[in-house]
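Next come two complexes built around chain A: one with chain B, the other with chain C.
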Partner chain A sequence: MKALRPERLIAQQVWHTALLNRAVVYLGLFVGLVVVYAVYTGWATFRKQNGLRTTYQQQARHDWLNNPDKHPHRMAHYGHFAFRPKPPLSMFDSGMESFLGSTLFLEAHKQNAVNFSEAGFSTGMLRFGEISLALVLQLLLPLLIFFLGFGSIASERETGTLKIVLSQGISWRQLIVGKSLGLIRLMLTLFIPIMLVAAVLWLTGQAGVVSADQVVRFGLLALAYGLYLSMCCVGAVLVSAVSASANVALVRLIGLWLMFTIVLPRASQALGSALFAAPSKVAFFDRIQDDVLKQGDSHNPNDPHYRALKDSLLAVYRIDSVEQLPFNYSGFIMAEGEKISATLYNRHYDELLAIYDRQNQFSRAMAFLNPFMAIKNLSMALSGTDYASFVDFGRQAEQYRYDLAQTMNELQIRSISNRKPGPADKPAVIDRKHWEDVPEFRYTALDVGPVLACQTISLLAFLFWGLALVYLIRKLSKTLRAV
Partner chain B sequence: MLQAIELTKQYTPNRQTIPALNALNLRVQPGDIYCLLGQNGAGKTTTINLFLGFLEPTSGQALVGGMNVTDHLSETRRLLAYLPETVMLYPNLTGLENLRFFSSLAGFHYSTDELAGFLTTAGLQASAHTSRVGKYSKGMRQKVGIAIALAKRARVLLLDEPTSGLDPKAANEFSDILRRLSADGAAILMATHDIFRAREVGTHIGIMRAGRLVETLTTPDLTAQELEAIYLQTV
Partner chain C sequence: MILLAVKNFVRSGGVRIGLLFLLVAGLASLLVGHQFLNRQQTAVADARAFQQKDFRRSAAVHSHELGLLLYYLKFSLVNETSPLSGLSIGQRDVNASVQSVTIRALEGQKYDADLTNPTNQLLGNLDFSFVLIYLFPLLIIAFTYNIISEEKESGTWRIVAVQSNNLLRFVGQLFLIRLLTLLGLLLILLALAVPLLGIAPDASFGLFLATSVLYVLFWFGVSVWVASLQQRSSVNAMLLLGIWLGLVVVLPAIVNTYITTRYPVPEALATTLAQRKGYHEKWDMDRTQTMTRFYAHYPQFKHNPVPDSGFSWLWYYAMQQLGDDESATQADELKARLLQREAASRTIARFIPTLHTQLQLNDLARSGLGNQLRFLDYTSRFHEKKRLYFYPKLINNAPVSAERWDAFPVETFTDRAPVGYVGVLAPLLLFILGLAGFGWVNLSRSVYRL
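And now, the complex of A and B:
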C-alpha cells in the first residue's frame, strides 16, 4: 500500500469525516443554493443592465445625429449622454456599481454628476448589500469554513483524541498543516464548482468573446479568492489549536468574523473620512463657481479678463468692434470660458480625488489588520467595479464633454456669422452633417496592469497575511500543548 | 525501556508553585507491567504525560528506549502507544477505518485483512469492524485502542486508567490482552485506581502520594488484601 505523508493522511481524514457528517452536507447544499442564486442574479443583472445601457447609448447617438440644422451652441447645450458599460466581471462582484450610478449628461459649461444608480431606484434593503458571488465568497464561505474548522483540533483536545493522534509520532506542525489542507480541500469542493459556473456564465454573458485582459482578471480573481479562503482555513485551524475547547474556538472565530467583516471595515471607513475630510457636494461646486468668477465671467461684458481679451483682439485686428472680426466672437468667448471653467473644475476635482485617494489609501492600509479588506478591494478592482474605475469613467466622460463643447464652439467660430441675423435673414444655423464631427462616446476600461498597480497595498497585505500565517504555524508548533 | 530519573514537574499558576511530581525514579523493563496506584492528584497522569512529551519536566529526565523524551520527542513517540481512560476515536469512521488512519499516521500501512487481524487479536468481534465507532461501547473502543497499539508494534504502552468504567468481563479481557503484550516483551506503565486489577495483572506496583512514589512492591510477594492494606495505610 502506498505510504502517505501524515499531513495528507490527516487532510484525507478531515475530508472523509466531514462528508460523513450530515450537517456539513446540508450546510454545503445551502451555501450551494445561495451561490446558484447569486450567480444567476449577477448574470441576469449584467445582461439586463448592459442591454439597457447599450440601447440607450445607441439611442443617444441616434438622437444627436438626427438633430436638424441648428446653431452649434444649441447643440452644445443639447448635449449627450455617456453610459458606463457594465464591466463583464461585475456579475461576479458588483462593488460600487449599484451606488455610484452609470449615466452622465454631458453639456457645455457644466460638469454634471453621475446619475441613475441602482440604489437610487431601490428600497433601503439594498443598503444591506446585494447577494453577489463576491459577497458569498467574502462573507458566507469564510463563515462556513469557520463552522467546519472550529473543532478541528479543539474538539480532539476536549475528547482526548488529540493525545492519541500526537502519540502516533506526528508533530504539531504536521497536524496543523494536515488539518488546514483537509479544510482547504473541503473549501475547494465548493469553490471550484462555483468558479466554473461563474466562468461559464461570464463567457455566455459576452457571447464567448473575451479579451486577454478579462481572462487575466478572472484568473487573478480566482487565485485571490482561493488564497483568501485558504487563509481562512488555516486561520480556523490555528484558532482551534489555541483554544481549550471547541466552544471557545467557535466564539473566537465568530468574533473574528464579525470584527473583520463588519466592525473594522465600518470603523476604517469612518476613521478615514474623519482624518481626511472631503468637502460636501454643494461646497465643492460653490468653490469652483467662486474661482470661475474670480478668473472671469464670460456672461459679464464688463468682466476685466474678457474685456482685456476683447481689447487685445481689437488691437491685433486693428478694428473698433467685435462685429468686424473675421470669426464669431461669441464662439471665441465661449471657447475661452469653457477652457477656464474646465481647467478650474479639473483642478478642484483632482484635489477632491486626492482627498478620496487618501481616504482609500487609509482603508487599503487597514488590510494589514484585516485580510477581508484586502480581498474586498482587490475583488472590486479586478471586477472593474471599484472607485478608481468610476473615476476613470468620469474622466473619460469629462474629456468627451470638453471636446464636444469645444467642437461646437469651433464650429460656431468658423461657421456662424459675426453679425446678428435680422428678421428677414436666414437663421444662424449650420448643416446637420457637422454633428458627425463629434465621435461616438466609447468608454475604454482600465487595463489590468494599472488596476493592479493601484492595489499594491492590497497585494502586499495578502503577502503579509500569508507570511504571518506561516510564521504562526511555525511558532505555535513549538509552543502548543496537548494538555 | 522506560525510566524516570529524578523526574519533577511543578505548575506555576498565578506565580504559585504547585508540585505535581517530585523527583520520581522508576524503571519499567520489557515484559514488566508497572501499575501506578494513588489518589486523584497523586501524579499518575502527570507521569504518563511526561513520558508522552505532552508536558515538559521542570527537572529530571523521562527516558523511553534510553532516549530523553524532551530531546527526542518524535523518536520516543514512535516506540510507545497511549491508551487513555476513554479512547475517543473518530465516531463517523468505522473501527477498521480508525485503525487504518492511526496506524498509517504512525507509519505502518496494512491491508484490510491485516487490520482486521489486529482488531480480532484485540478482542473486537468481526461484525463490529465495519460499524461506526460512534455506536461502540467503551470496552469496544478500548479494544480498538489496543489494536492501534498492536498495529504500531509499540514496545512501550502507557495506559491511563484503561479499565475504569469497564464491565468485569471487558476488564478481564483487557487484562488478558495486557498479559499477552507483556509476554511479547512490551513494557507497560499503567495508572489505575483498581487495586485488585493491579494485583492481578501487574508485575510491579508503585503507590504515589502528592507527587511522590512512596511505596514500590512486586506482586508475587503479596495478596490483594495485603496490597489494599498497604495502599490504605500509604495514601
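And now, the complex of A and C:
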C-alpha cells in the first residue's frame, strides 16, 4: 500500500488532533443524543400514525360494507376514505409529511381536499423545523465538519507549519486530499453509525418484506448523503486553504452554512411564489364550476347539452319519454356529469400543479448554487415524503373515487327502475352484496424510477458539485501560497 | 473616546456589509408581507364575488325548492386578516382564511384544507418575524463577540484600560453603540411597515414593537453574559453560535416533535368517520327516531311533524344534524386536544425566548393556532345561525323567491381575544434582566483583569 502514503499520513494527523480536542468529543456526543431522540420520535410517529390510519381505513371499509340494501346513488354519497400511509423512510426523513394532509373523503361529484395535516394543527412551532435523522445529516453534521475542518490548513499557515510541510516535498494537492480524507474519516465515524441506525428503522418499518425498490431507495440515500457530507469535508478544507487565518476560515464556513441552509432556501422560494401567483381555493373551484356549466348543467332541466343527450336517446330508442328507456335515465345522466366534471377537475388540477412547479423551480435550480437544496430534495424524494409522492397518492385516490362513483352509476343504470316507486311499492334499492363489487382502496407507492426522473436537477447538481470540487482542488493546488 | 469607538465600529467593512444584508432581508420580508396581505385580500374578494354570483345563479336554477337550493349554497365566512400578519404570517398560510359551509352537517366541512403549495410552507416564509428571530441575533453575535476579547488578543486592552476613567462604562458604551444601531434598523423596518402594510398604530402594534425590541435586547443580554466570561474571541463566537443554533434550530425542533408525539390528534380522523356514519345510517332508520332526536335538540320545532313516507327536506336536514350530534364527542375531544397542544406549547415556550417571541408575534398578528381555533368556533356559531334561520323556512315551505339572496353578504370574523401584556413581555424581561445582570456583575469583577 504505497499509494497515497503522504495523504494517509496527513489524514491520520487530522484524525488524531481532532480527537485530542475535548469539545469535539462533546459535540459528537451531543449529535449522538439528537440522533437518539430523532430515531425514537421518528419510529413512534411512524408506528402511531400508520397504526391509526390502518385502523380507520379498515373501519371505513367496514362501515361501507355494513350498509344495508340501498339505492346505489346513496352509496356513491356514502363514499369512502383514503388514508395516506406514511412511507417507511419517513422515519428517516419526514420531508413534507407534516404539511401534507392524511385523510381524503371520496364521494360522488366532488373532489375533496386531503385534510388533517400536522401543520394545520400546529401552534406555529413547526416552522422551526422537525427533528429527524435527515435534519442531523443535512444541517448538523456539515456544521460539525466545518467546525472540525476550519483550521485544517489555515491554522498550519498561521503557526508556520504549513511552510515546513510544503518544503518537505508534500504537494498542495497531497495536502488538500490528505486533509480531506482525514475529515472524511472523522465524518464517517458519525455517518456510518447513523446510517446503520437508519437501516434498522427502515427494516422495522417494512414488516419483514423488503422490496427491491426500497433497497434501491435506501442505497441511493446512503450514497447521496455520503457524497454530500464528503463534499462538505472537501469544501471545508478548500475554504481553510484559501483563508489567511483560522478565524477567517471559520467565519466564512459559518457564513456559507447560514446562507445555504437558512437564508437561500427561503429566499428562492419567496421569489418563486412572488412571481407566480396561485389561485385562491374559491377562485380555483369557481373556474372549474364555470367550465362544467359551460359543458352542461345536469341539474338544470333546460340545459342544452343534456337536452340534446335526452333527445338523441329518445330518437335511438324511438320512444317519447325517458321513463320508457330500458335503463335508468338519471343514472345515465349522472355518469355523464361525473365524466365531464372529473375531466375538467383533472385539467384544472394539472394547471394548478404546473403553477406550483413554477413556484418551486427557483429552489430546485438553487441546487446548483446550494448543495443543501440538492440533498434536501433528493432525500425527500427517495424517502417518499416529497410533493410528487403526495400528488401520486391524490391521483390514485381520485381514480378510485371516479371508479367508485361510476360503479354506483352503472349499478343504478342497470338495476334501478325508471319509474319512481309509489308508497306501496318496494323501495328503489339494490342488494347489499354489490358493496363488495368495489375493491378496497390500496395505495401503491411510486417506483424509484419515476421518482428519480423528477429529481434530475438534484442529481445533475450533485454531479456539478463533485466536478467543481475536483476542479477547485486541481486549480488551487497550482495557485495557492504558503503565506 | 466614545466618538472614536463609534467611528471604529461604523468604519469596519464587515459591519456595513452586515447591516446592508439585514436591511435588504428586512425590506424583502416587508415585500413578502405585502404580497401575503394582497393574496389574502384577493382570496376574500374571490369569495365575495363567487357568493354573489353563485347565489344568484343557483336561486334561479332551483327556484322551486328551497331545500334543494340550500343543499348547494355555500355561505362564506372570512377570518379577518390583521395587517400585522404581514409581519408574522404564522399559520395563516396553512389555514384557510375563508370558510365556505352549507347548512348540511358541519363536521365534514369545517376542517377542509386550503389549496397550498407545501414547498412554500416547508421552506418557510421570509417574513419579518423570520428576519427578527433568525437574522438579527446573527448580526448581534457578529457585532459583539469580540468586544473585549479582540482588544486583549491584539494587546490594546491595557491601553484602553489605562486611558479610560471608567472601564465598565466604556464597555457598556461599546455594547450600546451596537445596540442602538441594530434597534435603529429594527425601528426603520417597522416604521416602513406601517404605511406599506397599512398597520394601525394601536395597542397590538405597540406590543408587537415592544416584543421585537425585547427580543433584540435578549440577545444583547446573551452577548454581554458571554463577554463577561472573558474568553478568547473564537471561544465567544463558538459559544454564541452554539446558543443561537440551540435556540433557533435544535431546541424548537425538539419541542415541536415532542408536542406532536405527546399530543397526537386521532380524534380528527374519528370525527369525520363518525359524522359520515351518523348521517348516512339515518336513511335506513325509522324516521320517527331521527325526528325525536332532532326535536330533542331543537324543542322549538317539535310541533312540526314530517310525513311518514316520501321525501321531506326537514327530515333530510334532521339526518344531517344528527351526523354532527353523533360526532360531537369526538369533535369536542379534538378541540380539547388542540387546546392542550396550544397550552403546552405556550408553557414550554416561556423558557425558550425564540419560541416565545414567535408564538407571541403570531398571537398579536392573529395568525397562530389560537386564532384558528377561535375561527373554527365562530364557524360553528355561524353555521348554527344559518341553520336556525333556514329551518323555520323549510318547515313553512317558504318560496325561494321570498328570500333576498343578495342580502347574504360574506361575514367576517374579527378575533378580539385579549393578549395580556404581562404574559407577552415578562418571560423576555426576566431573561434580559437575568443575563444582563449576571453578565454585568461578572464584568464589574473581571473587567480590570488584563
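Quick note on the criterion: the second predicted complex is superposed on the first by the 477 of 483 C-alpha atoms of A that agree within 3 Å, B and C clash if a C-alpha of one lies under 4 Å from a C-alpha of the other, contacts with A are read in each partner's own complex, and residues count from 1 in each chain.
The definition used in the following text is that a residue touches a chain if its C-beta (ideal position, glycine included) is under 8 Å from a C-beta of that chain, and two chains touch if they have at least 3 such contacts.
Please read all numbers here as calculations on a predicted model, not as lab measurements.
Aligning the shared chain A places chain B and chain C next to each other free of steric conflict.
Look at A:Val263: by the touch rule set out above, it reaches chain C but stays clear of chain B. Of the two partner chains, neither chain B nor chain C is touched by A:Thr204. When the two complexes are overlaid on their common chain A, residue A:Lys163 makes contact with chain B while staying clear of chain C. By the touch criterion stated above, A:Gln399 is placed in contact with neither chain B nor chain C. Of the two partner chains, chain B is the only one touched by A:Ile10; chain C is not. In the superposition on chain A, A:Ser321 contacts neither chain B nor chain C.
Draw one line from the C-alpha centre of chain A to that of chain B and another to that of chain C; the angle between them is 90°, to the nearest 10.
When the two structures are aligned on the shared chain, A:Ala278 is found in touch with chain C, with no touch to chain B.
In the superposition on chain A, A:Leu100 makes contact with chain C only, while chain B stays out of contact range. Look at A:Leu143: by the touch rule set out above, it reaches chain C but stays clear of chain B. For the pair chain B and chain C, the least inter-chain C-alpha distance in the overlaid model is 18 Å. Of the residues of chain A, not a single one touches chain B in one of the two structures and chain C in the other.
On chain A, the positions that touch chain C within their shared complex are 23, 34, 37, 41, 44-45, 48-49, 52-53, 56, 59-60, 63, 67-68, 70, 74, 77-79, 81, 83, 95-96, 98-103, 105, 112-131, 135, 139-140, 143, 147, 246-247, 250-251, 254, 258, 262-263, 265-270, 273-274, 277-284, 286, 289, 297, 299-300, 352, 355-356, 359-360, 363, 387, 390, 423. Residues of chain B that touch chain A in their complex: 49, 52, 54-55, 73-74, 77-78, 80-82, 84-90, 92-93, 97, 101-102, 104-107, 109-111, 145, 148, 152, 158. Those residues of chain A that touch chain B in the shared complex are 1-4, 6, 9-10, 13, 16-17, 20-21, 159-161, 163-171, 481-483. Taken in their complex, chain C has these residues touching chain A: 25, 28, 31-32, 35, 39, 42-43, 46-47, 50, 53-54, 61-62, 76, 90-91, 94-96, 98, 100, 108, 111-126, 130, 134-135, 138, 233-234, 237-238, 241, 245, 248-250, 252-261, 264-266, 268-270, 272-273, 276-277, 280, 283-284, 309-310, 338, 341-342, 345-346, 349, 354-355, 358-359, 362, 367-369, 372.
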